[in-house]
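Each structure below appears as structure tokens.
In the two complexes that follow, chain A is the common piece, with chain B as its partner first and chain C second.
Coming up: the complex of A and B.
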């Protein structure tokens, strides 16, 4: 029971009523855009939903230990789930937006690599601080053995803690999470940019070249907003800390996928309807 | 060729600015106690440990820095739009953003500490006077360097995002890198300096933070000195590497294979960092060995 006397908050299951309400909202959002503009805008909304789902799924890979990790009491990176995922995903968005003129595929890959590179450097520096400044080797609290390297952890765990540091599986999870975040954020940006570049000249009665700065700014800020919405939703699903793909909490991701799809559809609807009407 | 050299030079300058920004960010957040370890600063009075540590963690570092850098960049952008000199515009924009940070820090300290009144934790007015201005000074360096870096990305490298949006994006990334790298050093090594080196803090010790210095009670101001020994520089290197390598791989390799060169360079860089990380992990296991309680007791003695 929660402190407010509500139902059970955690667990892996999906509330059937909430799932049906969510799916109705999703179909409604898609239906509205289909009626208003069945071609490009409809496809853009589908792209936004896929991007949002990628962000929500990617956040589950990021090893976040929160406050206990800062005291070496639990493994992971000592910051918030949303915070870190947003940092990596937005660094990816920076790279993806820069490569937008080189084509869809290059931009998406550039965004994914930008997010992955940010996480690769951050996770390395976290381990450097743990090892060289604090003298603490990595030890997972959730699994006895690293699924990739086969390292055992029990003997390295300090007494009275749930483990500490960043085992290799968490490092790889962080990089994958950053890549998915960067990919999703860039996909949302590119889809919205295409819609704004197509519809804004007619809406504002202006030349296509004149609206480019406005289209880029609008698509960028909506992409950042949608990124934060999906990252926060996934963080609520995780409830606190997660070690990465080997953590039992990782199995909760289907619930986040549904939640992020619905949230992205509704928010994407507003982002697109702004210029389509 | 000349354009390429110019781009790499700008990347190096942006990387250097990012390094300073990362180091200043972590130092600022440790002096003001804004990172995750602040949970212990908040917990201590509830366990009966009254202290004189500043407390302004009403927001995570990434959204806070996202706000301040976006504000600094936005103001600088507005001033440049009315023909202010870019350097002056960035200085003024950052300075005004720092005043917002000062208001945030003061209200956060008052609010967080006043909420502990029932545990007899006092609000120290002299702390507000001495620590707030020091966090503001460090925040100015972090915001100014971050906004200057964003200005270079827009004006010298031609990134399509407007300056305020870049300020938001890189401000959030700055806070994420700084908090991820710097928090363990501040939490374990500073707040729990009395605990055994080379081991995590036992959960049973939660709240028992170090509250006394060589003479008298510990002040948050000393956290700046402590952070500059490792947490700050490590955060600076982290953010500097992120910015420099992101720009460098794009500028240097984007011309190859219709843009895919930068992607391949990024994959190679990720693999290199992965190998270094595995080496560090193995080195720690081999050098420090398994956890032994006797060794931990000796170290604490």
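Coming up: the complex of A and C.
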């Protein structure tokens, strides 16, 4: 796996010492914010952490094929985890941000639907290309039967491959992943936006109406940054390709959930400290 | 099922590249402060040069990290670098108003320190909690976070002429002949920072992603990194017309175009040097009417 002989990556277990250190960091971040500004900023940091966990969990649903999928040798969409998650999640984030003034619930729903729609269209077009352009049927390499439709894959799978195409279960996984990513990204954006709209007027001696474009810009760029951090950490957890929720690698998600929670807490702390000090 | 990524051995040692990149970019960041001292905006382009130094160094770090086989492709490293870098950078620009040290001279060095902290924590998460078990993971992510932060700080300073939070968020529009403060006409409030973010993210990951392979050589990869940096500088110099005086923006544009032409030519020369054979493609000749 590694060119220079690094340690053994992957595996399903979690390092207990590291998990404890991570939780300590998370509690430390929450504590610092609670001391500096209990109330709104503290609740916002909790929202950011929940959003980050949703992104990290959602990435595991997305069927990622990588380079082998482009050659029809493994199932999934033929690109990297980060690109797919960023595509789906940022589409959702923009959808949610556009609906931000219509209320919290509408914005969250807009984000989820934006991300899910993006993945639904991507998966559909990927299957169109696979079936009608590359001429390969959808066959999973990890399970014998599709858990939803009950279709069998064995007869359609080419020898020497890990399966190919995009089975129905992967399609469903992709849409769920896109929805979770869009929901998480939008939640981070909305929480940060609320904090900036509340604290920036005092920090800059300006009126609340003047500050709106600046609050939107800051919350947007931080939401994008936090989204990419969580997506990449989840991608590192997957190490390469995943077929969707039926893949054995999906069972690794607790590590990503812990990792993304800690990363979101630390980065969210720095993003909120910007205005509360 | 990860694709084997091969990187060349030898060349300039990574620590030397890091030292040149770090010192060069910090010195260039401080040179943009000449703007405030002299009361002009013509030194803005040093911010772009700082970004080029950082990107040059970051490419070598990515090469170092990705040779261990991340399994997720090279672009992911560029994305996490800039994603964490932007948080460190925006917090650092506000350091001078946070109470401890009121001089704005703290900002570039503070940016490096905050980025190193965030990057080291992310590296610990990736290495130990997510179980990547890559020996250079923590150091590399810390370096990449610094690279991302300096890249965005440099390019923002180039666009706005200053690296102070108040200048990055406040623009001015002339309304019936009176200049009033407007937060939308600024680098952060106007969303220009999002463009800078992507320009940096693509520039930091492209060079190694394009050059990796059995015949990769360090000087060619790093030359491509500098070329990507100058290409990003050209775009930022065009955007800087909105924020700084036209003369300064034209100077920044000329510097970036000159840098780009030089590095692109050097890159072509090195590509020809490393190639087994070079065929200059010619347009298909039209059949002449008799």
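To be clear about the criterion, the second predicted complex is superposed on the first by the 270 of 277 C-alpha atoms of A that agree within 3 Å, B and C clash if a C-alpha of one lies under 4 Å from a C-alpha of the other, contacts with A are read in each partner's own complex, and residues count from 1 in each chain.
By definition in this document, a contact is a pair of C-beta atoms (placed from the backbone, for glycine too) under 8 Å apart; a residue touches a chain by one contact, two chains touch by 3 or more.
Note that this is a predicted model, so its numbers are computed, not measured.
J.: Sharing chain A, do chain B and chain C clash or fit in the superposition?
T.: clash
J.: Using the superposition on chain A described above, determine whether A:225 touches chain B (first), chain C (second), both, or neither.
T.: So A:225 only meets chain C here.
J.: State whether A:204 touches chain B only (first), chain C only (second), both chains, or neither.
T.: In the superposition, A:204 contacts chain C only.
J.: In the overlay, answer first, second, both or neither for which of chain B and chain C A:81 touches.
T.: In the superposition, A:81 contacts chain C only.
J.: Once the shared chain is lined up, is A:14 touching chain B (first), chain C (second), both, or neither of them?
T.: The second partner, chain C, only.
J.: A:134 contacts which: chain B (first), chain C (second), both, neither?
T.: Only chain B is touched by A:134; chain C is not.
J.: Return first, second, both or neither, reflecting whether A:59 touches chain B, chain C, both chains, or no partner chain.
T.: neither
J.: For A:237 in the superposed arrangement: first (chain B), second (chain C), both or neither?
T.: Second partner only, chain C.
J.: Let me test your reading of the model: by the given contact rule, A:103 touches which partner, first (chain B), second (chain C), both or neither?
T.: first
J.: Based on the superposed arrangement, let me know which partner A:123 touches: chain B (first), chain C (second), both, or neither?
T.: first
J.: After overlaying the two complexes on chain A, where does the chain B footprint on chain A coincide with the chain C footprint?
T.: In chain A, residues 66-68, 80, 82-83, 86, 162, 213, 216-217, 220-221, 224 are touched by chain B and also by chain C.
J.: What part of chain C is in contact with chain A in the complex they form?
T.: Checking each residue of chain C against chain A gives 1-7, 67-73, 75-77, 79-80, 82-88, 90-91, 94, 98-99, 114, 118, 121-122, 124-126, 128-135, 166, 169-170, 181-184, 186, 188-191, 193-194, 197.
J.: Please name which positions on chain A make contact with chain B in the complex.
T.: 66-73, 77-80, 82-84, 86-88, 90-91, 93-95, 97-100, 102-103, 106, 109-110, 113-114, 116-118, 120-138, 149, 151, 155-168, 171-172, 175, 213, 216-217, 220-221, 224
J.: Can you list the chain A residues touching chain C in their complex?
T.: The contact residues of chain A facing chain C are 1-4, 6-11, 13-15, 17-19, 21-22, 25, 66-68, 74, 80-83, 86, 162, 204, 206, 210-211, 213-214, 216-218, 220-222, 224-229, 231-233, 235-241, 255-256, 258-259, 262-263, 266-267, 270-271, 273-274, 277.
J.: Along chain B, where are the residues that touch chain A in the complex?
T.: 35-37, 39-40, 60-63, 159-162, 165-166, 168-170, 172-173, 175-177, 179-189, 191-192, 197-206, 230-231, 234-235, 237-238, 241-242, 245-246, 249-250, 254, 258-260, 262-263, 266-267, 269-270, 273-274, 276-278, 280-281, 283-285, 288, 290-291, 293, 296
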